[in-house]
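Two complexes, one shared chain (chain A), two partners (chain B, chain C).
Moving on, here comes the complex of A and B:
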């Protein structure tokens, strides 16, 4: 409760005392947007943490060994994740549904256990990635990074919102609902799925690189299966009908531990109960069909009635 | 010629789904494509549209070679289609469904979307008004349905919307795969008017449908497929009197000559009045007084589709009664309602005092009403013996008794005894049907419902299956038989009901119906 009271009575103090939380919400929202890109085109890809790891390690290693500027490191991390997305997508995008999910989990685990922990380039006998010990990142700027995160989030939301409105978005929707029917309308299904997959990899890589700016330490265990489940939950809980669903989902889930702080030892149980309740009562997501119907007051004009009105 | 297929072939495993079909569709015409269940019609469409690559043969639309192209390229070349089981984008609005259809002739606006350029807005307005026009063309009111999710529209509107979406492609050829399936007579008439109007506007149409009134009514030419081969191609009049077509639809009558099939000879002279009189004649085989199965005014719907409309029938103990009619007439729906799998909308059905409209399916089986479903539904990955053992679940606990019963049915069907340890999937179609029959018998039926026991079987196997059915009947089991192979079914049936679009058209003894031209009409239209 204190959390909400402070938010509404003294937003400035709230911002100062919860900077890291707000920054994490921003990062998680970008990750949720990455998940949104694949889900919107009907692909259950769980590869996001893999692309995050590529973005994060690329950015930090460039900063440590090449001393290149931050913007260049982020750009390189993002692009490298995108290129990897293209290479991974070529074989795995033939798969659908749960088979795609399993293949992408295979990718993130192979990357984490096979490549990051046993990187072939060594320094003093240890992999350059730090192996299981992780990587120190002395250049991080946790408090200063928040502005960058919020601007990036705004850009990502705008980008995804507009992309889903045009021909591309229509094609993605069509593919999500019925691939065969989409083909029958002349949509190059394979190409549009690949575009969504690579876009998702770019966003995840970007979020991974951004996140390194908030922590002095890169932990390889952050990029495993639990993370991918968390990101999937952001998107599904928020709703995948439009980009605002995943953003609301990550806002809600990331701040849930704070909201439930009053429950003390029972905090995790309370969080779990709230999660189940949302899924049971809003299966289409918080921002499901009909927009934010859950918080819309009764007297608010409804879209349906306007559409039905004559003229 | 707009579309030309040249000796197209496609096999699935050992099944020759499309076996060397050549077909020409004249520009501006409506070409019909018909054939019994499993004839390869949908596979042929899937080959034309590129979902299933052909193994050999070539396909052209005007001068463009379609052979080996991916589906989306074929669509872009101007071949649009609708689907047998409607495939709209259900969560998109009706309007968006049509706009997705414009994909191939719409410039990519991904970058323009990032700024809201005025050019883009103008294009968007043009598209919206065109989409509304297309909806009007197919008879939808854009004001009422444009903003609704496609999946929430009534069934008939969904069919029309799918056509509007296909038209949005501005196709050279429109393929309609069973556009009138599940429609009532007035909806069917509306669909016929729409098809004719689209054709008058210059559109070439390839029409696949089981409703012969529709196909024979609108098509200039009709091609007939059977077992993957084209067996006839000509005007509707030529095709509907072709002996091989009648044989394909009504089945073969054992030793009976095809010439004696209903209406096979001198059919052109059969006048409308004669057919009507035949349909209205009082049946000499009256319905039995006392019946073990009694169905009254049964109506069944799937959502907005009325599959069965007020059907009544009776079966007395010891009879073999056949239920015949074309694909989609509602035969299987009636059986599924009797076995409690589907609940009717109205009407009654009682079996030996048990109300079948409310009874639990397992109770129905225990009381002795057992269905052998269409497509056999055996457990493919279990052995023959395991399949049979599972069928004795109702009397588990009585180990020695069930073993004896299983041995008994294996003696009846020796082939099952020989193959007891083999996986059911490795059996041939006929052997699988025997297994399904044996499984049905193990449930100790008093009334056995058989749904299309000869479906997809080679002629010799059909003989064996029917011999088995006759033997089961001789041993005292009452049988209600649903068959597309009408001649065969009528031969062994005491009585039969002819069903058309969900209603009982006529009834009579097997012999009477064998010579009744109305039967042919129910299958092939007139």
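Moving on, here comes the complex of A and C:
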């Protein structure tokens, strides 16, 4: 509870003492936005941590060995993740639903265990990626990085909001609701799906590169299946109807351990109980149909559906 | 080499048993039950705890572990799945609620330390990895033709094969099996034909979770490693790989996939060394999905989720 009290009574001190938490919320929101891009177009792709790993390792290795400026490292990491997204998307986007999810899990685990841990380019007999030991990143700037994260988050939210409101967003919605019907309306389903997949890869690669600026250490175990499950939870719990859902989901779930701190050792159990309770009472997500009401009383007026007026 | 092959078949049996439960729920409900690996771990943890902390014999402990795993099936149905079905929630919501339950089970076992009176009856070793004491169960070892046959590792094979044959028979030839297949085919039509669909789904989850718990107990025996994380680290994602290799929802497929994965892992181990082993399994999974999405035994690919 101290956490919330401080937030309302002394926001400035709260900002200073929880800088890393706020930065992590920002990163998680960008990741959730990456998951949102694929879910909004009806694809259950779980590849985000793989693209994050590509963005993160590219950025850190460039700064370590080429000493290039930060902006260039981020750009290279993001673009490389996007190009990989294109290459991975070509074969896997023919799959749907759970099959796509499992193929992307295969991709991230093969990338992490097969490529990153056993990278063919060696320095002093060790893979250049540091293998299972991880990679030190002495140039990180955890406290200065937060401004960059918050600006990036604002840009990403604005971008996704505009995209989903435009022609592209309508095409994605149509594909999500009924792929066959969208195809019969002349929507180029394959191209729009690929666009969503590559956009999601770019966002995840960008978030991965940004995250390296907050940590002095890149740990390959961060980019596995638990991470992808976490990102999926952010997006689904927040609601995938619009971009604000995933952001609210990451805000809620990233600060949940702080909120549940009072439960001490039983903190994880409480987090699980809250997770189940929220999804059972709000299957459409926190920000979804029906506004912010958690439980709607029976007598509450229903919103009338807008039927076409006669005449 | 032969020894490695034997190990592959032994671990493959455990994968198969675990995956049969996984695929049964997917086949009937079209839902991935991500709490399955937590139930796997709970079966092993309860059995260990009953033997070591409560002084029961191994057989009593294993029966209790199995019973608790089966009860967890009912918990999954009543807490995670039925409320969402009532609300016509999208299938992805069930994914999240089972993740929540898995978090609770793992956290509860993880916090099982002597200072927590409510959890200490369940488990006392916190996050540590332990194994059954040698005196708990006689483990005769034979040496035949250069092979070392440990009873704990070898017994896994006939037990899982027998169980999977029984399950296959029940699903194929009995009244209950017909009911399950009807619900899998079309829940609405099954209800109109007078089937109690909710009861059939509860039954599916109880069978599935009991198989998961049994796989956990056998994993604890054969691999001598029990900790709150064995489900997450050893079978959760590999179980997915197995059911995809065999074809989603297909029980013979899950069995074949389990042994195939055990074999792929051992071949990768012999060819590339231990640190590439896991990566090769996932590369195989990826290729399998891209080249033959219906799996080894799947028939046609229908839209799911």
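Quick notes
The working rule: the second predicted complex is superposed on the first by the 289 of 311 C-alpha atoms of A that agree within 3 Å, B and C clash if a C-alpha of one lies under 4 Å from a C-alpha of the other, contacts with A are read in each partner's own complex, and residues count from 1 in each chain.
As a convention for this text, a residue touches a chain if its C-beta (ideal position, glycine included) is under 8 Å from a C-beta of that chain, and two chains touch if they have at least 3 such contacts.
Just so we're clear, the structure is a prediction, and the values are computed from it rather than from any experiment.
When the two complexes are overlaid on their common chain A, residue A:121 makes contact with neither chain B nor chain C.
By the touch criterion defined above, A:225 lies against chain C but remains apart from chain B after alignment on the C-alpha atoms of chain A. Within the superposed three-chain model, A:44 lies in touch with chain C and out of touch with chain B [touch as defined at top].
Within the superposed three-chain model, A:170 lies in touch with chain B and out of touch with chain C [touch as defined at top]. When the two structures are aligned on the shared chain, A:106 is found in touch with chain C, with no touch to chain B.
In the superposition on chain A, contact is made by A:178 with chain B only, not with chain C. Taking chain A as the reference chain, the count of touched residues is higher for C when chain B and chain C are set side by side.
Counting contacts by the rule stated earlier, no residue of chain A appears in both its interface with chain B and its interface with chain C. The part of chain B that touches chain A in the complex is made up of residues 49-51, 70-73, 75-76, 80-81, 83, 87-92, 96, 99-101, 103-104, 106-110, 112-114, 120, 147, 165-166, 168-169. Of all residues in chain C, only 26, 32, 34, 79-80, 83-84, 87, 89-90, 92-93, 95-97, 99-104, 106-108, 110-111, 116, 232, 236-237, 240-241, 244, 248, 275-276, 278-280, 282-283, 285-286, 289-290, 293, 301, 303-305 touch chain A in the complex they form. Of all the residues in chain A, the ones that touch chain B in their complex are 158-159, 162-163, 165-168, 170-171, 173-174, 177-178, 180-189, 289, 307.
Residue ranges on chain A touching chain C, taken from their complex, read 44, 91-92, 94-99, 102-103, 105-107, 109-110, 112-115, 117-118, 132, 225-226, 229, 232-233, 236-237, 265-269, 271-273, 275-276, 279-280, 283-284.
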